[in-house]
Amino acid sequence: MPEPGEAWQPPPELQQVADLDFDRERRRGYAEAVYCASKTAEQVRRIAAAVADRSARTLFTRATPEHADAVRSALPDAAHDAESGLLWWPPAMPEPTGGLVVVAAAGTSDLPVAREAELAARFLGRPTELVVDVGVAGLHRILRRLDLLRSASAVVVVAGMDGALPSVVAGLVSAPVVAVPTSVGYGAAFEGLAALLTMLNACAPGVAVVNIDNGYGAGHLAAQIAAPRS
Amino acid sequence: MPEPGEAWQPPPELQQVADLDFDRERRRGYAEAVYCASKTAEQVRRIAAAVADRSARTLFTRATPEHADAVRSALPDAAHDAESGLLWWPPAMPEPTGGLVVVAAAGTSDLPVAREAELAARFLGRPTELVVDVGVAGLHRILRRLDLLRSASAVVVVAGMDGALPSVVAGLVSAPVVAVPTSVGYGAAFEGLAALLTMLNACAPGVAVVNIDNGYGAGHLAAQIAAPRS
Amino acid sequence: MPEPGEAWQPPPELQQVADLDFDRERRRGYAEAVYCASKTAEQVRRIAAAVADRSARTLFTRATPEHADAVRSALPDAAHDAESGLLWWPPAMPEPTGGLVVVAAAGTSDLPVAREAELAARFLGRPTELVVDVGVAGLHRILRRLDLLRSASAVVVVAGMDGALPSVVAGLVSAPVVAVPTSVGYGAAFEGLAALLTMLNACAPGVAVVNIDNGYGAGHLAAQIAAPRS
Amino acid sequence: MPEPGEAWQPPPELQQVADLDFDRERRRGYAEAVYCASKTAEQVRRIAAAVADRSARTLFTRATPEHADAVRSALPDAAHDAESGLLWWPPAMPEPTGGLVVVAAAGTSDLPVAREAELAARFLGRPTELVVDVGVAGLHRILRRLDLLRSASAVVVVAGMDGALPSVVAGLVSAPVVAVPTSVGYGAAFEGLAALLTMLNACAPGVAVVNIDNGYGAGHLAAQIAAPRS
Amino acid sequence: MPEPGEAWQPPPELQQVADLDFDRERRRGYAEAVYCASKTAEQVRRIAAAVADRSARTLFTRATPEHADAVRSALPDAAHDAESGLLWWPPAMPEPTGGLVVVAAAGTSDLPVAREAELAARFLGRPTELVVDVGVAGLHRILRRLDLLRSASAVVVVAGMDGALPSVVAGLVSAPVVAVPTSVGYGAAFEGLAALLTMLNACAPGVAVVNIDNGYGAGHLAAQIAAPRS
Amino acid sequence: MPEPGEAWQPPPELQQVADLDFDRERRRGYAEAVYCASKTAEQVRRIAAAVADRSARTLFTRATPEHADAVRSALPDAAHDAESGLLWWPPAMPEPTGGLVVVAAAGTSDLPVAREAELAARFLGRPTELVVDVGVAGLHRILRRLDLLRSASAVVVVAGMDGALPSVVAGLVSAPVVAVPTSVGYGAAFEGLAALLTMLNACAPGVAVVNIDNGYGAGHLAAQIAAPRS
Amino acid sequence: MPEPGEAWQPPPELQQVADLDFDRERRRGYAEAVYCASKTAEQVRRIAAAVADRSARTLFTRATPEHADAVRSALPDAAHDAESGLLWWPPAMPEPTGGLVVVAAAGTSDLPVAREAELAARFLGRPTELVVDVGVAGLHRILRRLDLLRSASAVVVVAGMDGALPSVVAGLVSAPVVAVPTSVGYGAAFEGLAALLTMLNACAPGVAVVNIDNGYGAGHLAAQIAAPRS
Amino acid sequence: MPEPGEAWQPPPELQQVADLDFDRERRRGYAEAVYCASKTAEQVRRIAAAVADRSARTLFTRATPEHADAVRSALPDAAHDAESGLLWWPPAMPEPTGGLVVVAAAGTSDLPVAREAELAARFLGRPTELVVDVGVAGLHRILRRLDLLRSASAVVVVAGMDGALPSVVAGLVSAPVVAVPTSVGYGAAFEGLAALLTMLNACAPGVAVVNIDNGYGAGHLAAQIAAPRS
């Protein structure tokens, strides 16, 4: 079994809460992320303190304002994007390397998830662009952005409701498409289930899907796809 | 309560099986249709005999070869389209009146359902056109047929898998779009459920949906929409 | 690919938020609608300002009181119907043309959705009538309104719980029926899923279904069906 | 704990297969029924032999032709209704007592289940009537049978597809309505799920529902409801 | 079509809201009930005023405290049971006639629904008894109440979680069992779906099921089953 | 039928609420637990008073702070663990006997459920250990705890999201694994459904599953598995 | 990471097909099982040949007659139980050690799964007993076997349809209950889903659930629970 | 809108069946694939004839033996892999370029899908490796192949049942993981739904999911990810 991680020992107060995978950046090449949504503010504060202690590059996802306060009590200079609920430390984004990641959002309502994807890819080292309101009900809007889309090494497509956008985009570009269904919609949208199923059944090859509203996961994967080749 | 129908009395052997709604053409303006799928060949034969007895214009849907034989034992000159499983009597289609009904099928596999929709609309009196293999993975194919689509009074869009086509078409035309999800696909297509949900969540207004594989229902509705105005 | 829209350029502050489809009324013949539910009040305000800037006929749907305030800060004379959550500008409804749209609601609880359907059809130019509390548990109530229902060019039927009303209405009229399931009910109503499935399986032909609680979509489609023929 | 049943001991060959509840008729007042569908023909034969041995009134449900042969190898004079898959012994139906049970089937395709309900109620001692093809798409058909329906002590309503009939019937009669969804339909009928949900959400009170295609259960319950009062 | 109801005309302010079925008691023999849950307090107040105007026996179900205040502003002496959310007028229960209705609740948490069933049956004229905390995890508790259960003309069984109680009770009594699944439970109880499915698959015949948490419907049906025979 | 319980009679005020199974410890060997989640604080208080009256060892599960106050008004020295929502009386845990129960939690967010499992097993008499943050995304973390896991007589594995941990653990140990899916996650986690299905399909034998978030049930079962052999 | 297995190298023809876990018996203490259902007969034959080559104790599950022939072409003396689809080698069962495993089947139709559970536990070294036809609709049948059930160290309860039996059994015994839902039933049984949900929501603690029809998994777990303590 | 494709006109007999996207290789860089599963053999034959006519590199997926015969009647030298149901023309695979694609299958039963993924990636120009039987129940098997997995530019992970393998692999490598759920399993595997949900909820970032059994889609996406950088 692989490298057991380094010799750093978590402080006792953290050991009750989390066994952070600081080894991950070395092992996989991508920094650790802390999913805040189901943690208490106090748990997040302890984790941020351990991050500060280790000076480890870290992304905090799905942070409420209370989580954000907890992170900054330990990492006062952490950057914060309220729309997407992300914080990161150190606050400076890395110099971009590798191919371009384009994030396309079908509607205004999909923006928080799209922004999460874009910032995650940027935090992991890629150049990024964000395109908004390019839903399939007005095809001219997506066709107008075709040059940008075709210049990407990875395209993240974010859509709720009918989730039809990834099929259309994948038919127009040669880069891989990472599709993110969102919980935008009502009734038979079933909190994103409809868009998820649409995307899994995309009639154009070259589409893979992440969990509903999982902007972070899509951005992470796009960053891996567009990574500089060694 | 309305007109109880005319004085015709079904023969005893039929009374055990079905209480045909011969009054329907007079009451609603559209001829009766007999859904064969869950009936035995013998039941279908008795119904066809009653149709012959009454000389009533009738459409038989979802007929297997056995059903077709049963219909023709009573109505030897009934027309038959094996691909869609339809039979109709009398065999001559009516003179077309009203607006054009265009049926667009996303893929080859959607043809049987599309054909059922087209023939049903034609049987109920409309002029029709059928367009095939215009899925959203190759947008140029649908855009090439835009003039035809825009000349329709009602458009029926038939699609399986991601079911994305109705959203795209509805964004391009001003006529109502009747969307038919098909059970084409596998895995997370869930026998047409994915396409059904996509269509119910179409991000373009002007789309309504019928049951999975329900070509007949779509053609009937399109015929009503495109009916000549009195 | 078609007409890329006119030369109007959205102001920069809007470009981050939405790429409005002002071309839609020209392209499809029906004015743009702005779905407020998943937008912030600030986003809605920016969109309303763009609408004012362009003097474009626009409908705002699913507006909360906060959304309504945002719309009226930019369009002070916009009309507002609080029950259905609709606002529209300009406030005067157009002169009605085309056939009659009748909206029938099964129960009192279905009224907000029914009202949304009626106002949408009216905003898009049709004469409309609203009929309430005609559920199938008391058939005499629907039969009493048969003359009105039979005078319609399109009937919108709004029902929750068992969703049985469209089947009954479609058996009595010759116009197309647009069925709207509502989330009224509890338990095995599953937030409108039961009514949705009922309507998709309507045993009378001539019924198509829109998303749960989608009064706007139903009204839009009914307006298209009953549109004056060129 | 109650009466442990009488002293009869099952023969060894049966003990490996089934522990028949011959005590049931004494304890609950209704004879035992043997559900054949998931049993082998040999298992059914052994059970029929035990029935013959005990001279116990018994109903066999969901019997295939193979099951029927197995039953009759042990009970040569058992009665058999192939349409519903029922056999019973002794073959003579009991003298009817109690109130009338009316079974109403929405369509021809619902007949096997409706017949199962009717025969089960008859086997358990009630007078019965069967009414067919009274779906809600042609209301005049059900209204024509109103007198019969209103004379019942219990009404069994059998319907597939939209399952709307029980709501309509329950609004017209004062007797309890036992609703049986059938698996008739396709696509979004989901093998009877749509009709099941419709019936559970019946907007008229006085409806209870049994399992999909469970004609036997409905007939049994109707027989209990219409039982003579002691 | 049947009796169109009497000549009473609803006041204009009500006509916008509801078309009350005051004819129902005459037509079906059971008084009208008003489902408050999805109505506004103002709508309920208007309905209560119409009830007062007509002096019609009426039950109000699923009333919140605001609904209760609205009812009593028009019907000051209406009776109110807060646990079940019921109000009724006139406040005096009718003299009980017909057979006994026993309501059995599996657990304490099922009490509000059980109480709703009991009071509904009592309001509709039956004698009733309520038995609590007789879940199948402690069989001795249900066996201790066997005499009472066996004296009933109809048994209502209310249970959440595994919903196993109706199968056990139906195996012990000869009266019909009306099963009410409740939304009590968590996780894979799926808001009552698990109990609903259990009950639909009850291995003992003689069970029918109403909607999740539908105490009123169960009590109504039990009252019909146990009604005095004419 | 078995022992009807002892002669103790519940006080009248309790009899309306609950029929406590004080006989359970004697009959099954494990003390009674009171599920607070769907009970009112007043109902819980009455039950705690009965517990005090009987001096019966009792566990209270899923207690909110209000429930906790209610318990302690009757049992002032009851122990309370706020994270898991458990209270127990008497407050001293029993002397541990039998095999070791190890509870392993995949992530920090699974801690409340894991703690509930651990304390339940401890309350029922077993020695316990808790291991946290050993998700499969960092295998070295679980492999580091292999010795502890292999020393257990029963392992409880608590995981949300993909629920993959039980498969991995069961492949590494010989003790039975009790898997607890949690509702941790979002989108296609469907409130724990995804983890539940994963665990039911565990590719390693030796895994059984309890309800979502059911830490108590898992701890109870583990205590039974690891019980000292008589 | 642990022991990499011994030095045995699979023959090349097998390496394309399967990487057998012959290390499992040493690592976990329980012999390997080969799931035949989704393998071709040829694949099973190759695996059986490898088993013969290694003289490894092995169980083959879900074997069709074709699979059985394939196994016996390589292991001519393998034992075969056609009802459960199991084969095992060597054919002699081990000397039983540890506590008794009792398998209880609700109905005749559950026998194949129950037998699979019993034989699996027996193959893994436990003494076993099988009890049939003890469904909750006739409680006296299960109560009659109470002594046997209470003598078990682990009870496997197998039930389809309503799946209510585990709740009742767990309320009567102190041993752990492993519940196996079966796909027996129809309609709303949804291929075992109903029973699965019932069992996950068992109101008696001490129940854990395995996959639908997973007799092997239940028998394996019961064998682990009842294993002799070192 | 983009390039309308070249001037080639499909022969009339094909135009009724399919509008082949021969432009796709030029537009997207990847050759056309023809999904045979829902087409008739005659439709496939016509398409293969058009392929021959155009000398276009083409992959045929999900071909039954009948489909294979149809393809080879028009393209006699087409290559055929019966296990995965693939045919391709021209039969020679292209010279591999770009990064390595590793396909890992959890079990023997996942082989057909894994092989489809591998061959698709190979057909589209990548070097590939296939690893079998590395399920998480025996971790040493996957760990043994770590070097190979870490040398890949894209990893396709194919798994049914619990679908846990992608989470484990993604935690060990830095390349993107394309997860393919398979329909292998039974009961609560729900034809691959369980594995699909597991993979969508993978607790390790860097995983995206394609449709159930969609080996072709996964291979295509992996080929895009590992494509040589221009």
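Here are a few things to note about the model shown:
Letters are used for the chains, namely A, B, C, D, E, F, G and H, taken in the order the chains are written, and counting of residues starts over at 1 for each.
Note that in this section a residue touches a chain if its C-beta (ideal position, glycine included) is under 8 Å from a C-beta of that chain, and two chains touch if they have at least 3 such contacts.
Everything numeric in this text was worked out from a predicted model, so none of it was measured.
Taking the mean of C-alpha positions as each chain's centre, the chain lying farthest from the centre of subunit D is A. Repeated interface, listed pairs F-H, B-C or B-D, reference C-E: B-D, with more than half of the contact pairs matching by residue number. Chain geometry summary: the mean Cα position of subunit C and that of subunit H are 43 Å apart. Subunit B and subunit H, compared by their mean Cα positions, are separated by 35 Å. Centroids built from CA atoms put subunit F at 50 Å from subunit C.
Counting partner chains per residue, subunit A has residues 1-2, 107, 137-139, 143, 171-172, 187-189, 193, 196, 200-201, 211-212 touching two or more of them. Of all the residues in subunit H, the ones that touch subunit G in their complex are 107-109, 111, 132-134, 137-141, 143-144, 160, 184, 186-189. Interface of subunit H with subunit B (complex): residues 1-5, 15-21, 23-24, 35, 37-39, 43, 181, 183, 191-193, 196, 211-214. On the side of subunit H, the complex with subunit A involves touching residues 1-2, 27-30, 33, 99, 143, 146, 153, 171-176, 178, 196, 200-201, 205-212, 216-218, 220-221, 224-225, 229. Put simply, subunit G touches subunit E in their complex at residues 106-107, 135-139, 161-164, 167-168, 170-172, 185, 187-190, 193-195, 197-204.
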